[in-house]
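Same chain, two partners: chain A is paired with chain B first, then with chain C.
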Partner chain A sequence: MARAGTAPSQDKAFLVLHRLRKAYDDTLAVDDLTLEIAKGELVAFLGPSGCGKTTSLRMLAGLTPASAGRIVVEGRDLTHVPPYQRDMGMVFQSYALFPHMNVARNVAFGLEMRKVPRGEIAQRVVEAIALVRLTGREQRRPSELSGGQQQRVALARALVIRPSILLFDEPLSNLDAKLRDEMRTEIREIQQRLGITSIFVTHDQVEALTMCDRIAVMHQGRLEQLGTPEDLYERPATAFVASFVGRTNRLKGIARGDTVETGGLSLRTCGTHQGDVVVMMRPHRIVLGEAGCVSADGRAVNRMTGCVIRTVYAGDVVQSDVRVADSIIAVEQSNRGSGELPAVGATVTLSFLARDTLVYPAAP
Partner chain B sequence: MSAVALSANSPKNAGRVQPMAIALLLPITIVSLVGFVAPVANLLVLSFQKAEGTGALLGGFTTETWTTVLQDMFYLHLILNSIATSLVITVLTLVTSYPIALYLHRSRGSWRNVLLVLVISPLLLSAVVRTYGWIAILSDQGVVNRTLMFFGMTSPIRLVFNMTGVVIGLTEILMPYMILALLAGFGHLDRQAEEAALTLGATPFTVFRRIILPLSLPGIALGSLLCFVLAVSSFITPKLLGGGRVFLLATEIYDQAIVSLNWPVAATLSGVILIIFGTALLFYTRLLKSVM
Partner chain C sequence: MNDHAPSTGLKILAAAMFVFLLAPVLVVVPLSFSGDAFLSFPPSSWSTRWYGRILAEPKIVAAFWTSLTLAATTMVLCLAIGLPAAYAIVRLRIPGAAFLTSLFTAPLLLPSIVLALAILIVFARLGFIGSFRGVLAGHLVVTLPYAVRVLATSIAGLPIACEEAATTLGASPLAVFRRITLPLMLPGIAATAALCFLVSFDEVVLSLFLTGPRLSTLPVEMFHYVETRTDPLIAALSVILVVITLAIVLLVDRTAGLARTFAR
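And now, the complex of A and B:
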């Protein structure tokens, strides 16, 4: 991975979650979560709503007792250590600002707890507030700020104490696109400069892919896959990961060796499989047009013709749905400004490489 | 009442002020004018009248009662004593009720309902009954002293028919009010803010001091105001538990009005109580303004 800044030391597990579990009366919020994170690494927790991301962070911070399992930081078992002795900063999903304190006092709170000298507190508070672009609003109470501004105060309050571990629970969910971009860069920059090991909860996959060293995809309380953004995107371990990270076409079929019969089509796939499967392919790996994709090294190419049933102009890309035999396949082409939109009703040729297919056993 | 409601609905008030608001406020305005403002005004008028030794009012206007009352050491003592006792009772009520209210605020579901009923249930009994209950518990032959004597104490401690008894009894009697007022004022308490403070390195004690306490100040202020007012004006409990040895404003007013038939003095002392209430209310609004 080509990323700037101090590379996380991969040799040593700084933060270890071992078979962490949280059972509520009727739900298993987190199930057997095992994870090793290196010092200075930024790991995203990615998953749909209710998959146990917040619960995992709360157990890490010591706010929710784990039903089972261990949390180890630098070889020290923290499972039963109270939150105020853990040296972890947390940005809460619901901000959790102190309503009776103004912005500056909110940000200063953690430094006061750490007995930082007054002069240094004042200086660091000013810096932190500037970092989140809230200079001039130091004297406001949280109730006098917009949702996005409150979220940035929460961010500043956690960043300013420079803890050894930072836990972000969807810290940018309420910001506009531009501010979110800026904050991503700032968080990444601080995190790398100070070498703070961080966990970043999000359900925005772009955020996870672009700013994190590794991504843990969670589903129904379980860890589905932990890997680099590239691992996740190119080599998703499960059908869930493939469909959650990036867009995919998803076709059910029956595999026989390296071909899958699906809805009147016979697809060449990568690897060999048997029985009921789902085949997935990314819409933008499918090439539209007569020329089709070239496979210089003679690798298998799937080629088929279909009828365009829908076309969407989405700025950078053009998305089309093509009916091929009994299936509908979504295709995405980058918009180079030259070509016209595929007309609805037109007959087109699709092609994609066998190695761009992802095949998973069908869920029972 | 229906007549009031009807006249309130008449459209003659329809001006810039919302007629609906006026219509809704009119009944209670009339009730409090008739039931509260008029009697209080009457009381104040009474305090400026002369009376014979027999209690017959002579009419006229004099500030004599006020000047005597405010210059008499006995009455000044009485006023200060009443204020001090009520403050002590308020503080004790607050200290004993706060943990209960906080626990109640945090409990959920049916357990919370059970606790709430338990807290409110003393209000279903009259204060007189509860006061007699305290006499039974605290007297020389009561549960507390018997237990202490059983464990070898030679003579009983005087726990009732003195100031101690009044303070104990009133504290317990006022606790439900305090708890309800605290609960009503705990709206700003925020579990997440407490958790945030913990992650920022605050110990549970610091969380209490820096987060919970400031956020529960509205409740504390409301409960304290309510209990102070109730303590100053409470009459039956000091009368019974004081055993005639405890002199407070409310009991003195009773004695002056019913026993000595000196209505102007009783009215003046009532005026003093009103002034005390006004001052307490002023403190309360000041406090609320400073925290909110």
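And now, the complex of A and C:
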């Protein structure tokens, strides 16, 4: 993956979360969260609804007290520092703009609280508003702005104080798809230009994969995996990560060495395993047709024939479900505009490389 | 509130209700300009002399100033007590918040005559009768429930995220309250102030029990006046009271928006 701008320095841990935990009366919202983030990095907290993303972010900001664990920024323990002394900017899902102040006053608020001299406030507010391209709208009230503009005010308000860490809680979830795309690029561009260490909470995997340096996948309050988008996609650490990031086929089977017996099929897999397992493969890594894939050693290819039971035309791609023995395997081909859709009922050949399989112990 | 235009039937009904509720008030206006020596409707001649005569009644003038001071003091104290109380009940979720709410609202549910009698018995022992603090304490008992109610509703409707955003921007709890919470609560505060002022200003039942020869409020003086005299002076005074009430309501409407304040 090519990334423009200043590369985050990977050596030094700028922000450290150590065994962070939040227990509510009846739920363990965040459990034993430990991770390190380098200066200038943009890290996504990704996970399904209720997995503890917001709670983690709020603990970082100091809005929710942690039940246990430590938060350390640049060697300074912030765990018990009140939120107004933490120097973290936060962009809320609801934007939380001050309704009784205009755009300029909203943006100036953090600087006023920091007792910055008036002249400097005026100048920095102008700069911040220009940065989010809202010049000319300084006197508007939040209620007189569109959702995307409000979102940018929220961003400017958090940026202008030059926080050591910027926290985003699903800031784009209220926007339409096109605006969301634009804002992603804009946020990423500003974040890299200013080199602000940031955490971006989202349950949208595309957002996480396209914007962020690294992604922390959370599941039921626990950190499943922390890695680059490539790590997560190519080398998911757990079955949950594999199925949450990207589409996968998921087959149950019994492993013996480098083969897995599943639903009447015998699949070559990557690495050796024993016992009950789940095998996963990405639909678009499966090739449809006679030619199929070829592997250097010739042996590491899975080849099988099946019957097409469903085909969906999804624009950029064509998705088909193919029944092979007792299993149904989803296949995805990019739409090159030449070939017709695989007909329902047609017999087709599928092939995929052994190294494109992911094998995990079956959940007990 | 409502986006739909009301139907004609509803408009007629509303108009009828307005006439029914406001007719007695409207009768007072022509009466106050009566040139007669007695209250009679319609007046046989017109004059503004009864307005001037009010100033010649020292008891009424004194009672007016007492009522004004009393209402203003009640209003200030209601805000000073009600604001922290409502905040504690809604936000801090202090133990027994539900009980406290009931306690604060209980005086609203009691018949005021019973309340007045009870307060009279207690205050008589303390020597509070006929004193400013006595009447003030009595008025607080009836106005505080309104204050806590309206302020609690107002606080409950505040966007917590705004306060949190202010906190992350470096505002201390006090700064958050001054710069965010208080301004956003302004409609509720204006409503509370107006309500407490008006309730205190025209409170009769409690005041009848708690005032004495040394200290009297305007409604009590008016009550005594009509017991012995029957001239239109009282109508002129009523018109002045209506105008004051209207002025306060309009003021709240201008600063905070009445519909927004009372009908949340």
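Definition applied: the second predicted complex is superposed on the first by the 323 of 364 C-alpha atoms of A that agree within 3 Å, B and C clash if a C-alpha of one lies under 4 Å from a C-alpha of the other, contacts with A are read in each partner's own complex, and residues count from 1 in each chain.
The definition used in the following text is that a contact is a pair of C-beta atoms (placed from the backbone, for glycine too) under 8 Å apart; a residue touches a chain by one contact, two chains touch by 3 or more.
Since the model is a prediction, treat every value here as computed from it, not as a measurement.
Visitor: Aligned on chain A, chain B and chain C: do they clash or fit?
Guide: The answer is clash.
Visitor: Go through the superposed model and pick first if A:94 touches only chain B, second if only chain C, both, or neither.
Guide: A:94: touches chain B and chain C.
Visitor: Contact-wise, after the overlay, does A:157 reach chain B, chain C, both or neither (first, second, both, neither)?
Guide: In the superposition, A:157 touches chain B and chain C alike.
Visitor: Where does chain B run into chain C after the fit on chain A, at 1-9, 145-153 or 181-189?
Guide: Once both complexes are placed on chain A, chain B clashes with chain C in 181-189.
Visitor: If you lay the two complexes on top of each other, which residues of chain A touch chain B in one and chain C in the other?
Guide: Overlap of chain B and chain C footprints on chain A: residues 61-63, 83-84, 86-90, 92, 94, 96-100, 109-110, 113-114, 154, 157-158, 161.
Visitor: Quick check on the complex: what are the chain A residues that touch chain B?
Guide: Counting only chain A, the residues touching chain B are 61-63, 82-84, 86-90, 92, 94, 96-100, 109-110, 113-114, 154, 157-158, 161.
Visitor: Which positions of chain A touch chain C when the two form their complex?
Guide: 61-63, 83-90, 92, 94, 96-100, 109-110, 113-114, 154, 157-158, 161, 167
Visitor: Which of the residues in chain C come into contact with chain A in the complex?
Guide: 159, 161-162, 164-173, 175, 179-180, 183-184
Visitor: Can you list the residues on chain B that touch chain A in the complex?
Guide: 188, 190, 192-193, 195-204, 206, 210-211, 214-215, 291
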